[in-house]
Amino acid sequence: MDITINKQLVQKDIKKEEQFTPVFKINNLNLWYGQDHALKDIKFDIPEKQVTAIIGPSGCGKSTFIKTLNRMVEMIPIVRMSGEIVYREKNIFDPKYGVEELRTQVGMVFQKPNPFPKSIYDNVAYGPRIHGIKNKKVLDEVVEKSLRGAAIWDEVKDRLNENAYGLSGGQQQRLCIARCLAIEPDVILMDEPTSALDPISTLKVEELVQELKKDYSIVIVTHNMQQAARISDRTAFFLNGEVVEYTDTSTLFSNPSDKRTEDYITGRFG
Amino acid sequence: MSLINKESVKKRMGSRVAANGFAKFLFILATSFSLIVLGVLIYRILVDGLPYLSLDFITNFASRMPERAGIWAALLGTIWIMAVTAPVSFILGVGTAIYLEEYAKKNAFTKFVQVNIANLAGVPSIVFGLLGLTIFVRLAGLGSSVLAGGLTMSLLILPVIVVASQEAIRTVPKEIREASFGMGATKWQTIRRIVFPAALPGILTGTILALSRAVGETAPLLVLGALAYVAFVPENLFSQFTVLPIQLYNWTSRPQEDFHMLAASGIIILMIILLIMNSIAVYIRNKFHKRF
Amino acid sequence: MSRDKTNQKSIRSMIQENKSSRSQSAVMEKVVPKIFLICAIISIFTTLGIVFTLLTETFTFFNRVSIVEFFTNTRWFPFTADKNADYGILALVMGTLTVTAIAMVVAIPVGLAAAIYLSEYASAKTRKLIKPILEVLAGIPTIVYGFFALTFVTPLLDSIIPGGISIFNALSPGIVVGIMIIPMIASLSEDAMNAVPNSMREGAMALGATRFEVAMKVVLPAALSGVMASFVLGISRAIGETMIVTIAGGSRPTADINVTESIQTMTAYIVQVSQGDTGYGTTIYYSIYAVGMTLFVFTLIMNLLAQFISRKFREEY
């Protein structure tokens, strides 16, 4: 790993730690898989309309963490949690606050592209439809806008009725992003969205993330440190279920305050 | 001194190879036996059955005179029974499968339902006839009607449809369920719009194969009191009826050679129906094979 | 890439507006699982219905015919005046077991040999050709097999066996039931043998074993429980088989078996009664439930045994 290039890259825009409006405030979050303590006293805030990267070695709890933000992690029966996650002034674990409503606001893009076995059009229209939008004209508009938003419109506009499984992996992933945009979420969670893609597709998705942060708050898990450095504004470094360091991306990569962070970003482990 | 006598190993090697060759020959013979039987069976039925096969044979009612006899009533009876069995067994079978795969908790009750279905699949079909006779024909007062027959057949093939549907549902990858939940879809929305459509080809293949089994079933409907000699077509769900296999049984059990030939002609029709149903099932299976 | 802000708001707000309809879908979320649960419960009621039906009607039957006679008498002659009627189930059981035994003599060696051939010798191409044919064989209705037994196998046996054979006999339906079961035993046994990992085969091959030795000394022992289970399931199928034995076996119940002579199985008796004009409520009417109960118990034991074998001795690789 060529860390010197990285440093030069990020040093250009070193910023001072700045104040921001948080979309998520996470307080003393703990999570267990059975007896396995997977998240330990997580406490940090996620900014609005920025890209927050989560990095760390495999198995450190990145996916687990990001899945708590839209409560997908609860689909695993053995999971227990304590602590608090506040999304826009509301505690997401409040029984009155339904998971469906939360997930409408907090969309997710997964590691492996997972389009539905339906047409491209139906994939994108899925979200609006399940939320009760049936008007064909509105749906047409949403589909086009979302596909444009995910920078895939030109590639698929002539074959909207073809099955999504005919697309390449990179196209499928951008379709999944379009599908997510169609319900206009507030936050988009991405769990290693490029790890299954080739370099060119990866680049496209990265550019897209830069574009999307104008309108959306994005949390992205990546095990690729260059990627975090390239596209994120803030970075959290996870290790063994703990947040070791969370700060400006530029600071974290150029001037880590924790020895373990430094070891990790210089490739000494992980 | 060497522990192994190389000479004798070599000698025995020859006989061992010969034994292998001989065994292989026997295995091939046994496998071919099935194929030969199938060939002979089809050949015999074509030879016996083709002479009487004609359009009149399909559109005529049963008759005491072989040259005027046909399968019209039986054919329509079979269609009527299927018209009851197909929707009832599909709804019950798929509903049960969705319950077991999507909603059921892993507890004793669920296990009991699962074991029960496995055992039900092994109950002889004639016992289902006794069940139908008591419950539908007598207790429910339906008589030996299309409805009683169709419901009995539904219960008979229910386990097959449940198991096939469960397998189809299990092949739907969890990733696309997650995608749906991740967009704020509820469980039922996810099942109805994602899981069910994705599993449908497998479910349909299993259902059609199960129905084709029901088309060929004789015993339960005989026990239920389906008529053996019918010169009318069922008019509604409460009409009496016969079905193709019962008509064939009736002809087969008569001593006259001519009726045996009629039975063979009817068997050709029955086998063509089954062949069509199976081809549709295989077509669906291959067309949608391994999409995920 | 410009985004239309006003429109964007509208989608998000449209979704918010639709929230009211969500209470309706919340009701669905609660009701739907209950509906599916009812479907699942119907399968339990089917079993309960079978057991209840058989038990109550059998109970009525035993009010009229002594249970001791039922199990010890070796004669089954219900179609005479009530006083002279004999209800000794043994005669029907013997008919059933005879046919089953003949069927297994045919089905086990042929089915197992086909399974060994398919899993240990045949190329993928051959397998692809033969398996659908076995499926076809398994899908042929029993009425067709019955016809085949009566019009082809019986005359054939008659010409082969010195001294001939009755037109209705145990041998012909026995053989044909066996043929019917071959695909089942072949495919279940093949599944069991396919589950044996290749590393076990390769280990033996490396020591110089022939394919035959690998099949008999490595694969078959490893797959034994699956293979045994397939035999037991085959027996269960043969016991419950109805049309072949009804058409070709005859209707002469006897405990004194001669395979070239007419017999009657439990299933064939039930068909005979339902074909006749026996009135509802007669002893004969109730007798079919007692016979059905016996049949049900036989097959249930076989099915449970098969499950027990394949669970108890589940191969762990």
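Going in written order, the chains are labelled A, B and C, and every chain counts its residues from 1.
Everything that follows uses one rule, which is that a residue touches a chain if its C-beta (ideal position, glycine included) is under 8 Å from a C-beta of that chain, and two chains touch if they have at least 3 such contacts.
What you are looking at is a predicted structure, and each value in this text was computed from that prediction instead of being measured.
Enquirer: Where's the contact count highest, between which chains?
Expert: Looking at every pair of chains, the most contacts join B-C.
Enquirer: Tell me, please, which chain's centre (mean of its C-alpha atoms) is farthest from the centre of chain B?
Expert: Between chain B and every other chain, the largest centroid distance is to A.
Enquirer: Can you work out the whole-Å distance between the CA centroids of chain B and chain C?
Expert: Roughly 12 Å, centre to centre.
Enquirer: What whole-number Å value describes the gap between the mean CA coordinates of chain A and chain C?
Expert: 54
Enquirer: Please tell me the distance, in whole Å, between the geometric centres of chain A and chain B computed from their C-alpha atoms.
Expert: 49
Enquirer: When you check chain B against every other chain, which residues touch at least two of them?
Expert: Expected reply: 186, 189.
Enquirer: Please list all residues of chain A that touch 2 or more other chains.
Expert: Answer for chain A, listing residues that touch two or more other chains: 100-101, 104, 131, 183.
Enquirer: Counting only residues that touch at least two other chains, what does the list for chain C look like?
Expert: Answer for chain C, listing residues that touch two or more other chains: there are none.
Enquirer: Could you list, by residue number, the parts of chain C that touch chain A in their complex?
Expert: Residues in contact with chain A: 1, 3-4, 7-8, 11-12, 14-15, 18-19, 21-22.
Enquirer: Would you pull the chain B residues touching chain C in the complex into a rising list?
Expert: Checking each residue of chain B against chain C gives 16-17, 19-20, 23-24, 26-31, 33-35, 37-38, 40-41, 44-45, 48, 91-93, 95-96, 98-100, 102-104, 112-113, 116-120, 122-131, 133-135, 138, 155, 158-159, 162, 186-189, 209, 212-213, 215-219, 222-225, 228, 245, 248-249, 252-253, 260, 263-264, 267, 270-271, 274, 278.
Enquirer: Residues of chain B touching chain A in their complex?
Expert: Chain B residues touching chain A: 173, 175-176, 178-186, 189, 193-194, 197-198, 291-292.
Enquirer: For chain A, which residues are in contact with chain C within the complex?
Expert: Touching chain C from chain A are residues 100-101, 104, 128, 131-133, 138, 141-142, 145, 148-149, 151, 182-184, 211, 215.
Enquirer: Quick one: which bits of chain A touch chain B in the complex? Just the residue numbers, please.
Expert: Listed in rising order, the residues of chain A that touch chain B are 70, 72, 75, 99-104, 107-108, 110, 112, 114-118, 126-127, 129-131, 165, 176, 179-180, 183.
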